[in-house]
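Every chain is named by a letter (A, B, C and D) in the order it is written, and numbering of its residues begins at 1.
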C-alpha cells in the first residue's frame, strides 16, 4: 500500500469534482497546504465549498482559488486581509458562512468522530444562534451545531513516515489536525518523509489511518503575515 | 486625567493572579502582557494552538511556523506546549482559561458585548471571540469610554450584533472601572482614573450602573 | 467437515484488503491476525489507544504499559502510534476503521447482534463492542453455528439484549458464510464448509436467508 | 505557583468530600493512578461516584475502594475480573451505570470541552438508548449522550515538567487524557518530574493548564492482568 505520490497533482488524481466540499488546514498562512492548493487551482475544478478558518490573502493560500473563482462558498471564522475576497463577497459572487473559530474546530473534529451534532454555549444570543435548535442543560442554554464531513481534506504536515504517521511543527499544527479527520479522504503534504520507525510512536499527531495519500512538498517558501520582532539590547 | 492605553492595560493586569492561564485579545489587551507583576506566574494562551507565549522574536529567530492568533511572529518559552485548534478551543470552551481581556465596540449594562461586526461595513468574521466570551471564567473588557465621535460605549442595550450575551464581568475604560460579582448583578463603578469625577463618568455613560 | 476455529479465522482473513485498518475482537477474531496474507499490509487497531499491534512480546520484552484491549501484553511495530481513548474511539466511531471481526452469541436475520450480556448472569459491560458495531465500515461476525446446547445462533430475532441493530455485514460460522451487500438486503448463503450441505445449514438455522 | 506536592495525601488535601464524583484514568490496571487511589482509601471519604472505564481487580486499582465500600456508584464500560465488585453489585449495594467505552471517552472529553451533550450512533436500538433523546440527522438515527463533569480527576502520567506539562507512555495514556479534562480540578501522579524545558513542546499530551497539582509516585510496581508472551525460536 504505497501512500506516497510523486507530486500534488498525482496525489489528488481522481479525487476532485465540481461542487465538492474540501476541508483545508492552516491558520492564516501558517501551516497551509500550499502545493495541494496549487494543484487544485491547476485542475480547474470549480464550485467548491471550502471549510477553512481563513481564506488566505490576496494570491496566497486559498486566495489563489478565490482569484480564479473556483470557490463558491467559504465556511470560515475570519476572512480579513483579502481584497479579492471582499470584492467577491460584497458583489454577491461568493457565499460565506461565518462560524466561530472554536465551533468550526469542534464541528470538524465531530464530523471526523461520527458526531453529527453537539451543543455549545458559543454564539448563544447572537446571530450565530439564529435558526438553530436551543436546548437547556442544567439551567443553561446551548445551541446545536452540526458536525462537518467533507469529500476531501487537505493538510500540511512537518514530517511523515512512509506509513502515513504525521507530526506537525509548533503553531503550524492548528486546524490541520481536526480538518484531516473530517474528510472522507485526506491528502497530506509534508516537508519531509522519513522511514517507518523514525518517529516516536508516543508523539504522532495524526495516526496513519487518517492519511491516505501524501506528497513531499518541500522546499517551502513560507510566507509571514505580520513579522513582529524585538531588538537585542545593547551589551 | 484619563488613563492612557498602557495604564488601562496595567489596570487590567491587577486582576491577574499567580498561576492564571490567560488569553489576551488584540490591541490594548496585548499590552497586559507587559504589565504582569514581577514574580507572578501567568501563562498566556494563543487560540491558534499554544500555551506559554513568549515575547516577539529577535530578527534572527523569526519562524513562520510560530505565530500568535493575531498572525504575528512570536517566540516560545521553556514551558510552552503546542496543540491543535480543537484542543485549544476545548480549553477555552471548557472553562479552563481563568481570564480573558478583550476590546469592545459596545458593552451593555446587562453584560452583553459587541466587538465583531459593524453592519454595512465589510464583515471579517468573529474569529475566536464568541468562544472566548462563552467559555472563559472571567471576561474583562478594556475600551475607550467613548467613541471617537463622543458616543458612550457602555450603554443600556447594544446596537451592534452581539458577540456574547450577559458575559462581561469587568469593564476598564480610560475613565473608570466597572465590576459585577456575578451575572445576575448590575455593574458597579469601583474605581476612577486620577482626576476623573464620578459625575464626569455619569455624564458620559448611558448605561445604568451602581455606585 | 465443519471449519475449526483457525479455519473460521482464515475465512475471515479473506475479507482483508491491502491497506486496511482493522479491529479484532477477543477469541476467534484474534486468530485472524495469524492469517493475514503474505505481502498484504493490514494495520491492527487496539481500542485502548494503539494503531499497529505487534505480536506477543518475548518474555524479556514484557511491558505493563503496553497491552491490548483484552489487557494482554503485546509488542509494538516500527509503524505503531499511541493515542488517548477519545482519539481511539473517534477513529472507530468516525468510520475510519475498515473492518472489524467480532464474536457473537446471537445474530438476527436483520443484522442485529447480541454479544455483551446474558440477563440473570453477572453483567460485565459492553466495553467497546457497541462503538465498534456502530462505527466500523464493515462488520464480520465469527461464531459457532449452534450453541453448545445445539440451538441456532443465526435466528429471526435476537432474544438477548442487543449490542447493535442492523449492523452486521457478514457471518462466518463453522458451517457456512452468509453475506449481504447492504443493510437493506437479506443475508445470502455464499459459501459452505467442505462437506457441509446447504440442507444441513438450513436445518440448523432458524433465520431467513437467501441462496 | 508550586504544583508539586510531597505525597498523594497532600496533593488531595482539601479536595475530597463524601458523595463527590471522581474521574479516574487508566484501562484495566494499565496507567491507573495507584498512589492517589491509595490516598483516597486512606482518607476514608465515602459515597463516591467514580467514572472509570474499569473497576480494577480484587484489591488492585479501584478494587481497593470497592473493598472498603467507599464507592456508591460506578460509571464504566467493563467491570469483569472483580469478585468483590460482583458481590456488591448482585447484592444491590453498588450502583453501576454501563456506558459504551467510546461514549464514555467522548462524554468525558465533551464535559472537559464545554459540551453538555452530543449525538452518537453507538447504542441506538439497544438498552443504552432507553430513555435517551433520539434525533435523526441526514436520515440516520442518533441518541443524545451527556458530557460528564466531575469534582475531581485523578490521572497517572509518565513524565511531567515542573510547570505541569505531562506526557504518557504507550498504551498507559488511554483514558488519562480525556479524564484529566473532565474534572473541576485535576491531580496527576507521575513516574518522573523533569525541569521545565526538558520536554518537547510539540509532544505534550496534556498541557499544563489541566494539571493543577501533581505528585511523584515512583517507584511503581505495575501489575499486569494477562501476561502473554511468545517463545524465541531456537537458533
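Following the convention adopted for this analysis, a contact is a pair of C-beta atoms (placed from the backbone, for glycine too) under 8 Å apart; a residue touches a chain by one contact, two chains touch by 3 or more.
Only a predicted model underlies this, so the values are computations on that prediction, with no experimental measurement involved.
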Co-neighbours of chain C and chain A - touch as defined: D
Contact-graph distance - origin chain B, target chain C: 2
Result of counting contacting C-beta pairs for C-D and B-D, higher pair: C-D
Whole-Å gap separating chain B and chain D, where each centre is the average of the chain's CA atoms: 35
Rounded Å distance between chain A and chain B, as computed from the means of their C-alpha atoms: 27
Interchain centroid distance [CA atoms averaged], chain A/chain D, Å: 32
Touching two or more other chains - residue numbers and ranges from chain B: 76, 82-83, 87, 89-90, 93, 134-135
Residues of chain A touching at least two other chains: 106, 109, 113-115, 120-121, 168-170, 173, 201-202, 205
Chain contact graph, described as a line, ring, star, complete graph or other shape: other
Which pairs of chains touch, using the document's own definition: A-B, A-C, A-D, B-D, C-D
List of chain C residues in touch with chain A within their complex: 18-19, 21, 41, 43, 45, 51-52, 76, 78-83, 87, 89-91, 93-97, 134-135
Partner chain B, residues of chain D touching it in the complex: 1, 109, 111-115, 161, 163, 165, 181, 196-197, 201-202, 204, 207-210
For the chain D and chain A complex, residues of the former touching the latter: 106, 110, 113-121, 135, 137-138, 140, 142, 146, 167-170, 173, 200-203, 205
Chain A contact footprint on chain B (complex, rising order): 46-50, 55-59, 62-68, 70-74, 76, 82-90, 92-93, 112, 117, 122-131, 134-135, 161-166
Parts of chain D lying in touch with chain C, wherever the complex brings them together: 27-31, 53, 76-80, 86, 89-90, 98, 100-106, 108-109, 120-128, 158, 168-178, 205, 222-232
